[in-house]
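In what follows, structures are represented as structure tokens.
Heads up, the next two complexes both have chain A, just with different partners, chain B and then chain C.
On to the complex of A and B.
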């Protein structure tokens, strides 16, 4: 267990180095002189040099990188070009909580609906319930995220609102009702995938010898399925939580900007249109590191759940 | 569609000698009705994008002020958008953009990813280490994040200097940056297994050069894998390009792209829902069709070839998520 975690931590360091290094390189190759843009028409060489020094842009690039990483180690993402005097931390800060809670809500919904649905479908293999639920799940994970948005909004408007039924706000943030549509959109793809994966994994597990043994011993079905089968059937699900998180990150850009949710993705998109490179870099680093750490957690969780990995890995 | 069950039930084939089965490759492909229909639809969509504008000679950027947000009619078969532009003409143009971007992405992915993968797998040692670590660096970014970063940082400058074509190539390049490491990993894995086969040893023993072994003994074994991965990747690229457009990083207005059309028409959903329906349908169709054709090709070549390659050297967590085709979220999920 310990060597596995230390190896994973080493690869985590490599991954975080890659992310910060590539992000830094791209940022420093960015065309245009940010200081000139910042100063506008006033061209005072003294102020120019002063600002360059303040942002550390007068140093050689490798020193800039070390300063950047040094700042990151202290949790400092640098200063915004666009808003003088505001740090990237300050700009992103408000969005992190929103994005994290939205992401976890979506993950929770996809797990809490996807897994039970998959189990039920597996237990009633080839029944109408199995067929309809699995076709629905297939549709959910085949429809691209942002085709899902107009579908849900059309349903909300034409079916609910027009008929005077209680409807949801189409965009915005603040009340619990604002959560419903974005969470459904974000959860849909992973939910569909997890339900289908749970079903096939459950079917596979139920064919195993130890399940037959458990049944032969006369254990109640509930116990056989709930204890003996479920633990093993859920292993593959743990493996897709990492990829699902990565999917949520890309999804958050789309969902947050289309639903006007003030999360990290939304701030990132705004920074893109304002060409505020430090904020774009900060967004990339924060999101990438979040996913990488989540992956580490699922890896460790996986070894805890499946003791075979320890000897193998 | 290769569901997990399908992958398991499919008979294990020979991943190298794909033509040695009882029936030919095309026979097996043609037995897969979904894949054949998808291929037909894919060809139809490609025709619509290329020959469509010749046959339907309406300017995609012409604004008909009498037709703003209009419903499908004889003047505008699929209606018109919020600026009075003909939706059918824009869909054809947008499709052309999506497919052109996908074409360039696959071109780069194959040229860079397959070549480096082949090199890494065949040469091994330091070459392999350098290439694999570099690919790993790009793998570190979840999903589209790196493509978003590149397109955001260089987008404006490239458009100013090189115009629309430059922008299109930048979009393709940034998406290829996300796609090639996976291709390299697949090809590397396949090359590693092929390298150990007896016929390669035999060729070497009679004095065949490295170049010759690569060309006539390794290449034929990886070409199928390359075609399949590229086809499956098209589905992902189409969505990714749409995501970039949606974030304002793709093809710039007024030139249409499918993602952009969806983005613009969402705001008029309450006025005229057909305007968001058609581009959404086309996008979904494009994605599904390419995934089904890719799945069909893979099953016809060998049910396990596409998944076999990375089995040997991927950590356990990755095995399952890679071995199941994930049509839409494909690239996003494959990033990790």
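On to the complex of A and C.
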């Protein structure tokens, strides 16, 4: 496994540098001067020049890039253009914990509901339960986030709040109740996907010869499904956890913005609209690291579930 | 299976998911967000006010020397104070200075600092604190975008801004309680300018100790001080125990940030906010119909004018007759009532309704399609000399798209002119406006823009926008009579009424010559919970005249 990890770590460095370079080039080619955005329509030309100098924007682009990479090697993501005297590390620092915990909660919910639902549906193939649950899962998978949020909020307001039932805060962050709606929305897509994938993978596995053998041996159904079938049926699920995390990351941009949750996605969206390039670059680097690390974790899990893969590593 | 039968099932699944969601969250992220603690600390019977800050997910800063947007100013005005402030009638009234005298030539203001004035930390505030705060705002190291603009009339201010001096020679500390400020001219709107945060008193000792981090616990001479700034989330304020007018009765003011007003609205209607809506980000138009009969809903025309600006240096809009034709061809009543569902007040003038100077009437260019055609013909355009195709530019935000489309159709129908629409992303739009100012020949032809008041003085609209030497006159409107009247009013010595008459005459010229084509004033729609008292909605925003009388709901 060691060569696998070291190879991945090497590729991580490559990925991060490509990403910083691309965001940097796009940023410097894009129209709109960040200092102009900062200062607004009225300004003093002298202060404008002064600020450009402070942020090193008067240097040639390659020099700016090398300065940036130099800082990156020291773990310094630079200073925000938008927030006076605040570093990107500090701005993103608070957001990373929020996004990670929200992402894992959503992943946990989608796995804890999606997998059992898929297994049950497979065991009762073509039953009433199978059809309705799979249609629901298909709906969850297909409804765009920005449609689901107003539906949930309307439900929360008209059905719960208006009738004096305990309702949920429709936005914000802080108490455990604030987690519920965003976790549902974030989990919905991957839950739908997981459930459907588990079902088909389980059906596939249940048709295998060794399951027939296990049944013929007279093993209890619980053991046949829970041990022999499940372990093999889960392999494809593990494969999609990586992409599912990527889904959660992209989903977080919308979900965090609409729920006013101070995570990385929320900070990133704001930075884009304000041309706060250092924060945009910082967000991209952090997310890229997250995706690469998740893929690495997936690969390791894979070898645990299927020992044959280890030898190929 | 029909959809109707599916609904209960869907609800069931939802409930299951809600239940699971409640149970699932791992507490790992809690430390980063550190939430509940602050909310739980307020003891029973204590009042708390939750007032949303909309349009941003974070405040760019709390340093009054550099108020970067309206949202920052909302918070700065709660924490800091200056020499003077505005009351709910928008008169300039004493704040840190208990009185002042103006010399006969109108150039020297002598302020008497309030006896016993203290910063929130208990340190006394002297004339020197105000002088040093103003000088600091002007210094180039502070990199304030607005200071030299707002305080530029103080003698020596420009030397400080240019880095040639540390202190403006026009600011003189006579003794601990006396501050004299000398201006380069008679500037009748100077006191109004002092209500803008750049001249507010800052605790310089705290600033020196931590030049970049002091605003994390910002305090000044205002009614509140920062208790905790949860970045990207909210600002929590507590009363300033040393506030000169008596500590506020509200134990805690919470200012949560919402990028999207829709989110704030959702929270308001489920009881999560006490006040929502601001001038820049009013209650979303889509929800106005739902709330307009509720006692919570308040609306006033805001002190802002949305207008069309013309590039006066480029044909065809260098011709006033063409500009008049375009102005006469717009049916603003339909625009306001039908296109914008009555959320705005149409206007034919530059100064917004209720603003100083608006009490004197101006004869506007009312909608008249026939007269519009005549003006265009008089400008020499007709069958043998067709009007060229022109491009109308606007920032792609809010209602602009709908407004621009309506205008395009009006000019086509009423003038037979083809207008190409050019929506631009906001930052690019401001860059283009800038180009229009700096190099008019390469600039925009005509554009949709808006101006909101900085301080309640007619100068802020009339002269600052349209005087030929003003840096805000992006379209280079130039009219000798207008300039003469506006300049006279800007440095007028005499009664306020006579001064406003001069602005009124100037405004009439600007309307006739179409320096701007005014369209409407947006409504300032705000929701205020009935439990909240002591707040007044003005065209300039919400004003709390006396914090000791403000009530809100009991904190939980």
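Rule of thumb we're sticking to: the second predicted complex is superposed on the first by the 252 of 313 C-alpha atoms of A that agree within 3 Å, B and C clash if a C-alpha of one lies under 4 Å from a C-alpha of the other, contacts with A are read in each partner's own complex, and residues count from 1 in each chain.
Everything that follows uses one rule, which is that a residue touches a chain if its C-beta (ideal position, glycine included) is under 8 Å from a C-beta of that chain, and two chains touch if they have at least 3 such contacts.
Since this is a predicted model, take the numbers as computed values, not measurements.
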{"item": "Touched partner set for A:225, first chain B, second chain C, both or neither", "value": "neither"}
{"item": "Touching partner for A:234 - first (chain B), second (chain C), both, neither", "value": "neither"}
{"item": "Touched partner set for A:138, first chain B, second chain C, both or neither", "value": "first"}
{"item": "Chain B versus chain C as contact partner of A:146, first or second or both or neither", "value": "first"}
{"item": "Chain B versus chain C as contact partner of A:112, first or second or both or neither", "value": "second"}
{"item": "First (chain B), second (chain C), both or neither touched by A:243", "value": "first"}
{"item": "First, second, both or neither for A:122, with chain B first and chain C second", "value": "neither"}
{"item": "Contacts of A:284 with chain B and chain C, given as first, second, both or neither", "value": "first"}
{"item": "Chain B versus chain C as contact partner of A:27, first or second or both or neither", "value": "first"}
{"item": "Doubly contacted chain A residues - partners chain C and chain B", "value": "31-32, 153, 157, 257-258, 269, 275"}
{"item": "Partner chain A, residues of chain B touching it in the complex", "value": "1, 3-5, 8, 136-138, 140-146, 148-150, 152-154, 156-157, 239, 242-243, 246-249, 259, 262-263, 265-266, 269-270, 273, 276-277, 280, 283-284, 287-288, 291, 315-321, 324, 326-329, 332-336"}
{"item": "Sites on chain A touched by chain C in the complex", "value": "31-33, 36-44, 46-47, 50-51, 54, 82-86, 91, 94-98, 100-102, 104-105, 108-109, 112-113, 131-133, 135-136, 139, 152-153, 155-157, 161, 167-181, 183-184, 187-188, 191, 257-260, 262, 266-267, 269-270, 275"}
{"item": "Complex contact set, residues of chain C against chain A", "value": "1, 6, 9-11, 13-14, 16-18, 20-22, 24-26, 28-33, 35-36, 39, 56-58, 60-61, 63, 66, 68, 140, 143-146, 148-149, 161-162, 211-213, 215, 230-233, 256-260, 262-264, 266-267, 269-272, 425, 427-428, 430-431, 433-434, 471-472, 474"}
{"item": "Touch list for chain A against partner chain B, complex", "value": "14-16, 18-19, 21-23, 26-27, 29-32, 138, 141-144, 146-147, 149-151, 153-154, 157-158, 189, 193, 196-197, 200-201, 203-204, 236, 239-240, 242-247, 249-250, 253-254, 257-258, 268-269, 272-273, 275, 277, 280-281, 284, 287-288, 291-292, 295, 298-299, 302, 309, 312-313"}
